[in-house]
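Chain naming follows the written order as A, B, C and D, and within any one chain the residues start at number 1.
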Amino acid sequence: MKIENINIPLMISGNLIENINLNDNYYRMRIKAPQIARKAKPGQFVMLSMWKNKDPFLKRPFSFYGIESDSGTFDILYKEIGKGTQIMAKSKAGDLVELIGPLGNGFKIPENTNNIAVVARGIGIAALMPLILESKKRGIAIYAFLSAQTGNLLLCSNEINSISEKVFYTTDDGSKGAKGMVTNFLQNVLKEEVIDVVYVCGSKRLTKHIRNLQRKYNFLAFVSLEEHMACGIGACKGCVHKTNDGYKRVCKEGPIFPVEEVIFDD
Amino acid sequence: MKIENINIPLMISGNLIENINLNDNYYRMRIKAPQIARKAKPGQFVMLSMWKNKDPFLKRPFSFYGIESDSGTFDILYKEIGKGTQIMAKSKAGDLVELIGPLGNGFKIPENTNNIAVVARGIGIAALMPLILESKKRGIAIYAFLSAQTGNLLLCSNEINSISEKVFYTTDDGSKGAKGMVTNFLQNVLKEEVIDVVYVCGSKRLTKHIRNLQRKYNFLAFVSLEEHMACGIGACKGCVHKTNDGYKRVCKEGPIFPVEEVIFDD
Amino acid sequence: MTKEVSLEVDLGPLHLKNPIMPASGTFDIRCTLLNQKELNRLGAILPKSIAFQEREGNPGPRICETDCGLLNAVGVPSKGVEYFIKEELPLLKKANNTIIVSLMGNSIPDFCNLAGYLNENKEISALEINLSCPNLNNGILFGVNQDKLYELIFNIKKNTSKPIIAKLSPNVSDIREMALTAKNAGAQIITVANTLMGMAIDVDKQVFRLGNTMGGLSGPAIRPIVVRMIWEIAQSVDIPIIGVGGVYCAENAIEMLLAGASAVQIGSANFFNPHVMLEVIEGIEKYLIKKKYNSIQDIIGLMKN
Amino acid sequence: MTKEVSLEVDLGPLHLKNPIMPASGTFDIRCTLLNQKELNRLGAILPKSIAFQEREGNPGPRICETDCGLLNAVGVPSKGVEYFIKEELPLLKKANNTIIVSLMGNSIPDFCNLAGYLNENKEISALEINLSCPNLNNGILFGVNQDKLYELIFNIKKNTSKPIIAKLSPNVSDIREMALTAKNAGAQIITVANTLMGMAIDVDKQVFRLGNTMGGLSGPAIRPIVVRMIWEIAQSVDIPIIGVGGVYCAENAIEMLLAGASAVQIGSANFFNPHVMLEVIEGIEKYLIKKKYNSIQDIIGLMKN
């Protein structure tokens, strides 16, 4: 009777286990919430709040960065940018975290996938990390294409290095890896070999490049989109993104979309 | 040129030194803010906030409960009741406290005062405490009349016991001291001896009783009033209380007023 | 929860088991965290405004958080009335036996067609008329023009036998006049209010924060304005009122009841707390018990001039 | 602070060294934490509205905090214009060389007398007309009635040669009409906006939270509404605008400038941060430098339809 009964999200309180400042404005948070951790899939997200008063007003969406169903915890990798993330950055182990999740559709890894490329800029790697780990588990070869403003903002590079076939870096200032577009590296790879699926974080610029490469090299490609969200569960129709098939809710029909369906206005 | 230049309040950040839950919803907070602690006088108050976002929106007024100019700290005794005090109750040593103060006019202790009575209910004792200590220092005999809902809410009774001539208690439930109005005890004392000055916390009921006794026994009497405040410095005209001489700002002309000037509507 | 106390309210022809329901556009029966039993505990269910024909709604961004509030420029994406009846109404029917349907149109005939089309459906308990949404061709909004408002409600009435709830716009200088006009035109109930028109600008990027330039402000920020409007109408127009705007806890809802509302809708608060409607129902019950009232009727409109 | 960038603004006949000043009623020269030098850095000083004769203001409680906002029902306590000139104006003169005086009256003659009385004082740079405060005898507010607004401004103009700033009420359905009316009547500048009418009820005690039943809502809660109104006027009426409502940081003030305001008043934010006006001036300067503008003029009204 309820259409989405099968995958109904939960609203529960979690417990902050740790909150670590990685560098600059980047933090990693571990939250204990077994009911959510057990259901979470790569590419999905939670709506989260650590505030009781009404400023900030809404919950904030964050991708699962790590999922540990055994210990009933999940991780979030986040960047401090505004009101909500400032409160998160100051929070301490033991604090309560109000959660709604898991939300959204998650990444699809088609059967018989031999290799994938992940393309991310900065914090965009957060959503892709569990996908990388899951792919590794399934024995899929991973090509990682990572970019950032500067070297020390190339997040999780050690971890990704250790489990990927190949990792390519670019930084805007050239402080690590090359300068320039990380998708040029991808193009070089595509010239040499077949990549089954490309996954890209929500960066408009990167996604457009992937779309262009896709037209040429014909691979499956998925993007994880971000839009401002009020509810996260599909009720408010606030988080839409333009697609070939009209406006789609990022929280409900997404956040993962086939790259070829997404339309960026310019 | 600036009329109140002599006593211009400061706006500074203080440091929370400790925050102790005394019992139930009652807390004591020690704040390091030497510039304010050095200027503070009994009966004055600070406007305080420990929140950066806009809910709660205003600062909150609190009386000086303890003043230690040597260590540059002052104490606040407070009851957790709403948005602001809830945040205060959760705060920890090291947190920043935004302060404006010292504010208001403070208690007057006339020359040649031999004895005083202090009359307080519950948290009302907070503003009177530094007055008691100051009186003690000056060798003035103190009669304390304390009431509360129940015994364990008779705050600071040990401390007051140790420095007062006599202490009278009433509780609503009779769990400590007598039941009934604490001002009946005062009346008994007044029948026997002359009290130079009576100081009462802002309780409307107590103040009205004092006013009646004052008519009969003719003593000086001062009350510490409370009104909702926006600015605390006299600018907004928001915190007025009715007096014989029209509306007076509690933050500026008060919070301490001669009892006979104050008008309570009913 | 002891059942000593009655939460039942009557809004003219409309009887509710309790006064709490979602505000249109903030609740979707297809994406709710509430289960069947919980949905049935609501006083009514009120889905997002529907249009006669399919509409896609506004371009993004549609949502922008403000201080204690939310600007939205969702518009009214709708799959049209036929889809609504086929796909959504059956779900609503199973969830609750009081269903209020919110109507949106671009013109008077638009609204009338919609009302007429729905008139047969016995499952629908009342129609709420969304007066503040779209522009008429001549640029005048129903919600801020007394003559247009009268004409609209008067004509809708001709096309339906269902109770009409006029959902007023708060963007007016005298809400009492609008309520009176709606009543005179035939509305049996007033909902006050829809969102206040607002705007936000990203000063770094120098762009409007909403795709549609302006949007409607909802949330706690606006509650004092709405409470005032409820009270003004309650003092001057004899018509049952549904209050809506910024309610996020039982105390907020009780404030509206005391001001004169007979029912209360909850909108934006559902977003950060999908259980809020249930908590408010419980909280009202507790309040009545604590204050020793037998019925919620005892507190509706308690605050007089 | 490098001085490469100009913050000077012209509002018709009124020249300001920068766009930031206090909102009437939220700043008192006799009780400020700002020192002489700091006071002189403000674009202008604007004390609380004055009345011709002494008035005591409203009974308490006069203040009530709401979510991200503040309801006030202070009314306009005033010692009268004579006292103002003798006791307050000399202090203002020493503090800043642009003094704007806010006028409040119960009737048109009231306002005219006040304007006439002040006309001689060379220290006063402009008069701001508080249109939303008191009730006329017949219960119509100047700020929400076009005809009354026109009549009032038109008549005040006859009694003064000083620039007239019409401070509009936001409690209207079309702020553009009000701005146009004020302009046509002779106002050279518009301040938008005063407070939105609101109410709050203490549900435990079942009493109004304000002594005067209703009050005016100010603070961050209302900023999106005011930004929208500034923008609406800027798109349609050719008159300089002073924006006011909910500004508490440079970003908020810049939002209003981008929307079309040439100056910005700061009200309630002074209460929790008495240094806010100075911080905003510095913040605007930094923004202009960072974005490589030479003058604040480059960003005023940048957001177009």
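By our rule, a residue touches a chain if its C-beta (ideal position, glycine included) is under 8 Å from a C-beta of that chain, and two chains touch if they have at least 3 such contacts.
All values derive from a computational prediction rather than experimental measurement.
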Set of chains whose contacts include both subunit D and subunit A: B, C
Chain pair showing more contacts of the two, A-C and B-C: A-C
Most distant chain from subunit C, judged by the mean position of its C-alpha atoms: B
Distance from the mean Cα position of subunit D to that of subunit B, given in whole angstrom: 36
Chain centre separation (subunit B, subunit C; CA means) in Å: 46
Inter-chain centre distance, subunit C versus subunit D - centres from mean C-alpha coordinates, in Å: 34
Where subunit B touches two or more other chains at once, by residue number: 54-56
Multi-chain contact sites of subunit C, meaning residues that touch two or more partners: 66-69, 219-220
Chain-level touch network, classified as line, ring, star, complete or other: complete
Contacting residues of subunit B [partner subunit D, same complex]: 1-4, 8-11, 49, 54-59, 98, 100, 227-242, 246-247, 252, 265
Subunit D-touching residues of subunit A, taken from the complex the two chains share: 54-55
Residues of subunit C defined as touching subunit B within the complex: 67-68, 220
Contact footprint of subunit D on subunit C as seen in their complex: 66-69, 71, 144, 169, 171-174, 196-201, 203, 206, 208, 213-214, 217, 219-225, 227-228, 231, 246, 251, 254-255, 258-259, 287, 302-303, 305
Residues of subunit D defined as touching subunit B within the complex: 25-33, 35-36, 48, 56-57, 59-70, 72, 74, 77, 91, 94, 219-220, 248, 268, 270-275
